[in-house]
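Here chain A shows up in two complexes: once beside chain B, once beside chain C.
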Partner chain A sequence: MAPPIYSALIISLGLGTTMTFASTHWYLAWMGIEINTLAIIPLMSQNHIPRATEASTKYFFAQATASATLLFASISNAFLTGEWDILQTPNTLTSSLITLALAMKIGLAPLHSWMPEVMQGLSLLNGLILSTWQKLAPLYLIYQIQPTNSNIFIILGLLSIIVGGWGGFNQVQLRKILAYSSIAHLGWMILIISFSPPLALLTILIYLLMTFSLFSSFMLTRATHINSLATTWAKIPILTMSTPLILLSLGGLPPLTGFMPKWLILQELTKQDLAPIATLAALSSLFSLYFYLRLSYAMTLTMPPNNPAGTLPWRLNQQHNTTLMALTTTSTICLLPVTPAITALLPL
Partner chain B sequence: MSYMMYVLLFGLVLGLVAVASNPSPYFAALGLVVVSGVGCGVLVSSGGCFLSLILFLIYLGGMLVVFAYSAAMAAEPYPEGWGSWPALRLMVGYVLGVGVAWVFLGEGWYEEDWGGFDGLVGVSVLRGDMVGVSVMYSSGGWLLVAGGWVLLLTLFVVLELTRGLARGALRAV
Partner chain C sequence: MTPAHFAFSSAFMLGLAGLAFHRTHFISALLCLEGLMLSLFIALSLWTELFNLTHNSASMPMILLAFSACEAGTGLALLVATTRTHSTNRLKNLNLLQC
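Let's look at the complex of A and B:
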């Protein structure tokens, strides 16, 4: 892609999210989301292979439907209550419709069907942008809705955790696994958003760290299948140590960072007298843990069939810039002891 | 006047049903043209005559271009119209759906005032929709720049998406 057009698209990605973050009017927030959708479509299909074009088309359909619903709901809200302010969305029918539209935007169950097939068609970098940057603007809007009735969020959250776990069960393609992992983590986030918005913010931040590290690890070896993941040990041995730890952190095992949001969420749900929901969420996360463990097993504990030349590659001077990846990987593995400090700083 | 509004809205819903029932693009794009034309009529009946004029010129004009190009690209000897069984059953289904929604949610929407564009302003020299355009150029500030940038962005997006030529997958022909 020509550099001026590429920069224009990247700048527009930033502009869209900034616009949504800076707005108090529903129309401007919707505008920002539409700019994001528009700017990422050519980025997704830039290599012009049919699979990528198919993924961009599906993404566009899903996001356009959700945007139309969002616009319809916010205009209906303005018609019924005369209020365009995001923070003042009274809890009527339109507030739930806005929530559902935003849930479809970020791929929560039961509006998640587009997510795995779109992720599968993208390159790893585009998949990274899709599962991190594109989620920020709708999540901020959900954060600001401030609902009084938590039923819809609990249903969306529990369904997403179950679907994110169960759906990823039989997958061997890494990008589909990452899509289901995104569904499950966003399910945890939306479960707690009506009880403790700062905890939801923590969940999404930790998820961004973890998924960035995992995507970066996969991008280093350009692995998109469990088979290619399993031969990584010969190419970059350090990854066979760090990637399983990132995967287990995504699965939420102590003493890794991924345990922190799940722990605090379960504690908050118990305090709200919702222990059965907390139990169901925790048990459903075991599904996700199963396929993270399978990936770790394939990477570290197996030596798949390989030709002898593949087991002893030349150690050439690589041009990878792994600074950011090193930072996020370390945070993914080592941040659990900082939990008291984070808990104290959360309400900020 | 209320009968006129009734006819316009009826045409709007029918046109949307005609598009959504998935006929050949010839007829679906025709449905789009009808919907935008009738929508402009609805706008006039609600008091937004300037907006309706602009919409007619720009949107309907663009839609006509879309119709022409889709007619050119999707040319086939036996196009599937609204009489074919798959499109017909979808049409009937959608009309029934509209009827159900009307029964459940239509309270207070019949013979009621929709509220015009001038709303609470009262009697004023400044019309709502015309002043809106000029306000965007004066107090609109950076939003005008953002609007212009988004239009340019749309151009880049479309150009980049259709750049494939021989190596793209956007066209099946």
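Let's look at the complex of A and C:
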């Protein structure tokens, strides 16, 4: 794609999210979200292959429907209460409808069906933008709604954790696995957002770190299938050490950073007298851990059933810019001891 | 719920049902999307007329029209791209990404 067009699209992506972050009026927030959707469609379909076109089409329909529903709910709220301010959306019916529209935007269950197929059709870089940047604006709006009852968030969150785990069981394509992992993590965020919004912010930040590291690892070897993971030892041996650690961090295992948000969320839910929900969430995240472990196993403990000496690739001196990836990978693995400092800073 | 509110709500719900349950053609889904945007345009114009007596946000419907036109253009571009790659605009043919 020509550099002026490419940079215009990237700047539009930044502009859309910035507009939504800077707005207190529902209309301006909706406009930012629309700009985001319109800017990413050409990025997704730029190489004109059938899978990318199909993924862009499905993404477009899901996002356009959700945006229209969001605007409809905002206008209904304006008709019923006369308020366009985001921080004051007191009417329960319209704020529930706004929440559902935003849930469809980010791919929470039960409105998640577009997510695995769309992620499958995109390149790894576009999938990274979809899982990280495109989630920021709707999550910020959900953060600001400040609902009175938390039922809808608990239902969305629990369903997403269960669907995100169960749906990834039978998958061998890495991008679909990443889509289901995204659904599960967003479920954890939504679960806690009505009880402790700072904890949801922490979960978002840690999820961004972990997902960026994982996508970067897959981009280095251009792996899109579990079979491609098995040859990583021959291409970039250090990835066979770091990627399983990133995967286990995504699964939420203790000495790694991914344990921090889950631990704090379970503690907060227990303090709110919702111990059965906390138990169900913790047990359902075992499903996700199963397929993360399968990826780690394929990467570290298996060798492909072919003649290694005859199929080793040339170890050429490649120019990989891995500065940011090194930073985020280190944060994904080593940040758990910093939990007391983060907990002290949380009420920010 | 005032009659105006009921009118555009039911128009929106009909369009949403059409978008959710479209079965054969891609372009009928795009038409329903346009119908949704039209009902929202009418809703915003009615809001300005009935509730905003200073008319200081009377430009809201026009901005909605601009965004809706951009979205319609994107939808049509995707329709053309789909017809080029999948040779049809039938929705049953969008099945490459299942496994």
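Assorted remarks:
To be clear about the criterion, the second predicted complex is superposed on the first by the 340 of 348 C-alpha atoms of A that agree within 3 Å, B and C clash if a C-alpha of one lies under 4 Å from a C-alpha of the other, contacts with A are read in each partner's own complex, and residues count from 1 in each chain.
Everything that follows uses one rule, which is that contacts are C-beta pairs under 8 Å (C-beta built on N, C-alpha and C of every residue); 3 or more make two chains touch, one makes a residue touch a chain.
In this text the structure is predicted, and so the values were computed from the model without any measurement.
Judged by the touch definition given at the top, the superposed model places A:Gly121 against chain C, while chain B stays out of reach. With both complexes superposed, C is the one of chain B and chain C in contact with more chain A residues.
Once chain A of one complex is fitted onto chain A of the other, the partner contacts of A:Thr330 are absent, as it touches neither chain B nor chain C.
Within the superposed three-chain model, A:His48 lies in touch with chain B and with chain C [touch as defined at top].
When the shared chain is aligned, no partner comes close enough to touch A:Thr300: not chain B, not chain C. When the shared chain is aligned, chain B comes close enough to touch A:Met19, but chain C does not.
By the touch criterion defined above, A:Ile5 reaches chain B but does not reach chain C. In the superposed model, A:Leu38 makes contact with both chain B and chain C. Residue overlap on chain A between the chain B contacts of one complex and the chain C contacts of the other covers 31, 38, 41, 45, 48-50, 53-54, 56.
Touching chain A in their complex are the following residues of chain C: 1-2, 4-5, 8-9, 12, 16, 19-20, 26, 29, 33, 36-37, 39-40, 43-44, 47, 51, 60, 63-64, 67, 70-71, 74-75, 78, 81-82, 84-86, 94, 96-99. By the touch criterion stated above, chain B contacts chain A in their complex at residues 143, 146, 149-150, 152-154, 156-157, 159-161, 163-164, 167-170.
Partner chain C is touched in their complex by these residues of chain A: 27, 31, 34, 37-38, 41, 45, 48-51, 53-58, 60-61, 64-65, 68-69, 71-72, 75-76, 78-80, 82, 117-118, 120-121, 173.
Chain contact summary for the complex, chain A toward chain B: residues 1, 5, 8-9, 12, 15, 19, 28, 31, 35, 38-39, 41-42, 45-46, 48-50, 53-54, 56.
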